[in-house]
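Remarks on the structure that follows.
Per-chain numbering from 1; labels A, B, C and D assigned in written order.
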């Protein structure tokens, strides 16, 4: 059924953003050229990914092995594009372009320093993100995972002040510390145990005689080691990383970084353990409950936050656990929902972050309690915010509805009523922390006129939207979330390819 | 504390070493592995040396032949070790004073002119009649003897190291008897450092020559064509001699350099 | 001439040293070009050797043409392990040489020709140790390396450098003498000095191989090389010696001298005693791994307490040595630990070189010797800071830097052989490295640029034009950083070559296991 | 006891002597405080190793390893007449008559190394004395503690 096609496309897709780095450095004085390079690289990346899409949709895989063929017991660097990787790559590369445009608006609007460095590391982190998406074995995955951790550190700490220092430290201690302490030994243990790290074919550990304790230890090592997935109690880096400029938070902490975390955990479940082994050992429930607890707790914490970005951060933690819980349920529909949720949540959450940033650029406000009445000044932004919030909460007709539907369906299928309730409670809580914001913005009166910053560009009288380059992307992604409800077929097909290629017939 | 630690360490070391003694071959055993090889195996290299040295090199003194030919690669680096010592002592100890340079150069000039001169600042030269005279007699003899040892390394005990030390001693003798300045007049500092390098260069250069005859490094047999000798054996013999000359040059100069620097704390003035 | 490459690698710096010594004192401007030519020749030849080994196989060269019978002459042997090390030595030495280009007005300019002579002789020693196939020849070359090191350390500007050099001398001589005792015992037991010959005799005569003489020989050879490589608890000399020597020579010694000693240990185990000694004496290898763990822990803890950049790096060397010794003695059946150790020799040479070059640049360009002085470095000199960052990341073991891949194989070996403590130490030390380096990165990245942000003017009259030489110092640093990255990305060919040699040789070993 | 001495010490007395000398030297090199005494210890230590090697090469009834020229020429003639391999019984040079040359060669190297090391060490001592005014290690270390200057 599956053919693997040898092609260099995945490599080019990864490298296209890396290749932009020297150009960005070269044009560091000409800001226009520099930004044009960023956007062109994004377009190039997207077109490479799109070029691979039809091949994947036909049920094929694309493979590229560098440095050896793995026949001599060593681990080569392998790129393999399958459905799961494609979903993630598609999301990341589509969203990079609006983020680039947005960051131009944002960075210029705030006259940030060191913009060249910002664009350079942004490009590098996209390189690493696609590398993770296309990684064909665990070693490759890990390599790109670490590149991502490091290349985002300068972005998180962009402001270079005491707060950024704290945030950056927490970021690294969590991400680097856990990956060195847990993932490396777990990865090599898997290698010793099974002799391979390759994701192709059946799951790596499927044939090994893991005991319950070993299996549990490995699963926990991976789940917490890939701490970009922000499972509690290793979640605290995510809120503290919100010191980053908003485009960084938007792309990296709603899309790339955290999704890399859950992506890795999905890989762990599907390709390292395999659903059968996890179910057989009975360790899936442990992961389920960790995720479920994270889910509810994070939503509750989000309720108490006043800083808009921190609230979004905790919301992200909760939504990530949706994905992890979905895959850990080990039912077909839950897995489908979980993969779809990668895409849906990405579009929704990036919209929300864009809005937060746009509000900050236009008015300098960060706290939810300050947003009273702003909806009338910034209707586009807040409309987009409402759409994004609805999508993340899971209301129709937004994309998030579909994925959450499948997730709940999967939970029911697995007869896990408690987990089903966790989903529902969390969905209610999502609504509870998002809609007060929308309510405040549109229906509460504005406190005083003169407290508003005057540096946002004025489009229509009375409107004080953020710069056009900020508003356009958020409108685009908001519309994207709606469109995903009506046209989810690409992602749906890809997700079912994952499940039927990797799960149904293992 | 330190002594206690040292005692413990030394006792442990000694115990380990003595523990193995019982397995050792008897003292003077002609059939111990080093002397004749492992029983049942091939003969040890020393037997090969004893039997074939004369055939291969026409050098009766096996030690010389092994030193400079069979294991000449070792000896090359041994010479380099000596050079290193000379250079290192210079680098560590030598006090270079730029202001004084002209002045000291002047005094060297003066020293050069004098015959076992009494140019030292202490001016005690006239009390050294006995020493000076003895020195005048002994130094040429010592140098001659040094050259003899070098040249006679083939048929009798001797060779570049031994001869070089004797030659070096002759210069030290001059320094002791007539002052360092006098000795430096005969072997100036830049000269002896250069000669030390030249010695190693001669050694390695002779070895390198065989590369041009498409033979391996230090294969003196390749030089037979160049030296117009009858066979490779004599070429080896000559090669060994050339190498010994290089060794002697380095050893002589470095011995003197060590003395000169150490006896004057690197100032090369005054002296003992 | 191409059939003589193995010996030319060693001879080029020797001739270079001699020629510098001869002409250098007359015209000091000649020293640098001559030294550069010599090392470049070595570099080219070592590429040739690597190419030959990779395409044809192990390369034996018999000095003096004494090929038969075995063990009469001195044999040079290049295989998958040491040919790469030759290349690494050549690269690191070239970088250190370019870095150490002397300035005309420096205060000890009269000695600068002799600095180059010692530098080149040190390279001779390192190349020679690496390529030789004779147990006694190793001793002679160890002594060349040691004597030149003492001289180079003592050339430091601080009073402390002399004391450090003296301590180094005493300990180094004791270490080398232990090695000599070990070789003597070995000679007493088998009557040969040629490594391949000894190996054959030991393999053919198990009763000799199991005798107490050979056991004692192994113990003393190991004690000797451990002293030389500063394995805990024999590490006392290293931090002082390398932190107080002039940075030009520290760049050469710190990356290479300990690494070459580790190589000697591997070579002795591999080609003389056979890897059987590790697997047949599990108790002893357990002990050695424990010592290695101790070294890792001690090195990391000491590094945490240091506020001086160079001293901190020196302490890290102790920990890195622990990695390699432990990896060698893991004794796993697949020889992954050994593979990892061998790769780590190369990787560590590159990254230590990068870090020491960076420390040198910090000191010369910014006058920064302590961590606090690096404040605002990323703003003052992004390139230098970036290169240092790459080196630090490699030390932490972050992919795709080379430090990661060695740990990858080391841990595999440790898991297969069940040395969990070693894994904990290895990962713990990675985390400590992460703390250490990110502490520096934070200072450098967040810290304010100091008031006197002008290029640092060397105080001791080191010349009025430091700018002119800045590029000579930064270029090697950047190259070293790039190589650290490239060695990581293209680790496969390297690992393949090492693996080929290991597998080939373990085939011989496995017969007696 | 006597028996043990007869089997262990007497036939290997050379090793016992060397080990004892070596221990003395090593103790001085590590344990003494004075730098010059350390060096003396180091030299004794190195010299003891020479003893080890040289005593290895001793053969009972053998002379110095210099092959008589007449004997050598006889060997050349023997080979010229195609008289078997080097190991044949009639070969004119009997290796049992000569001491083992290899240890001597090796020790020549070791002596040279020892001299070189000693020279460098003495130079270092002089510099240290110039800088610190003492050769007692504890005093030097005390003085070093007070330096917080250059690198």
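A few comments on the model shown:
The rule is simple: a residue touches a chain if its C-beta (ideal position, glycine included) is under 8 Å from a C-beta of that chain, and two chains touch if they have at least 3 such contacts.
Worth saying up front: this structure is predicted, and the values here are computed from it rather than measured.
Looking at which of B-C and A-C shares more C-beta pairs in contact, the answer is the pair B-C. One simple way to say how far apart two chains are is to compare their mean CA positions; for chain A and chain D this gives 70 Å. The geometric centre of chain B is 30 Å away from that of chain C, both derived from CA atoms. Spacing of chain A relative to chain C, judged by their CA centroids, is 43 angstrom. In whole angstrom, the spacing between the mean C-alpha positions of chain B and chain D is 16.
Across the assembly, chain C contributes 136, 140, 143, 147, 150-151, 154, 162, 165, 181, 187-188, 193 as residues in contact with two or more other chains. Annotation for chain B: residues 17, 22, 24, 32, 34-36, 45-46, 48-49, 71, 74, 78, 81, 84-85, 88, 92 touch two or more other chains.
For chain D, residues touching at least two other chains, in rising order: 22, 26, 30, 56, 102-103, 106, 109, 113, 116-117, 120, 123-124, 127. With chains as nodes and touching pairs as edges, the resulting graph is of another kind, matching none of line, ring, star or complete. All chain pairs that touch, listed by label, are A-C, B-C, B-D, C-D.
Contacts from chain C toward chain D in the complex involve residues 136, 139-140, 143, 146-147, 150-151, 154, 157-160, 162-163, 165-166, 169-170, 173-174, 176-177, 180-181, 184, 187-188, 193, 243-244, 308, 310, 363, 369.
Only residues 2-3, 5-7, 9-11, 13-14, 17-18, 21-22, 24, 26-30, 32, 34-36, 43, 45-55, 58, 60-63, 66-67, 71, 74-75, 78, 81-82, 84-86, 88-89, 92-93, 155-157, 161, 258, 261-262, 265-266 of chain B touch chain D when the two sit together in their complex.
On chain A, the positions that touch chain C within their shared complex are 66-68, 72-74, 76-77, 139, 142-143, 146-147, 150, 154, 157, 160-162, 164-165, 168-169, 172, 176-177, 180-181, 184-185, 188-189, 191-192.
Note for the complex: chain D touches chain C at residues 22, 26, 29-30, 35, 38, 42, 45-46, 49, 52-53, 56, 102-103, 106, 109-110, 113, 116-117, 120-121, 123-125, 127-128, 131-132, 140-141, 144, 147, 149-151. Only residues 16-17, 19-20, 22-25, 32-38, 40-42, 44-46, 48-49, 69-74, 76-78, 80-81, 83-85, 87-88, 90-92, 94, 96, 98, 190, 193-194, 196-198, 200-201, 204, 208, 210-211, 214-221 of chain B touch chain C when the two sit together in their complex.
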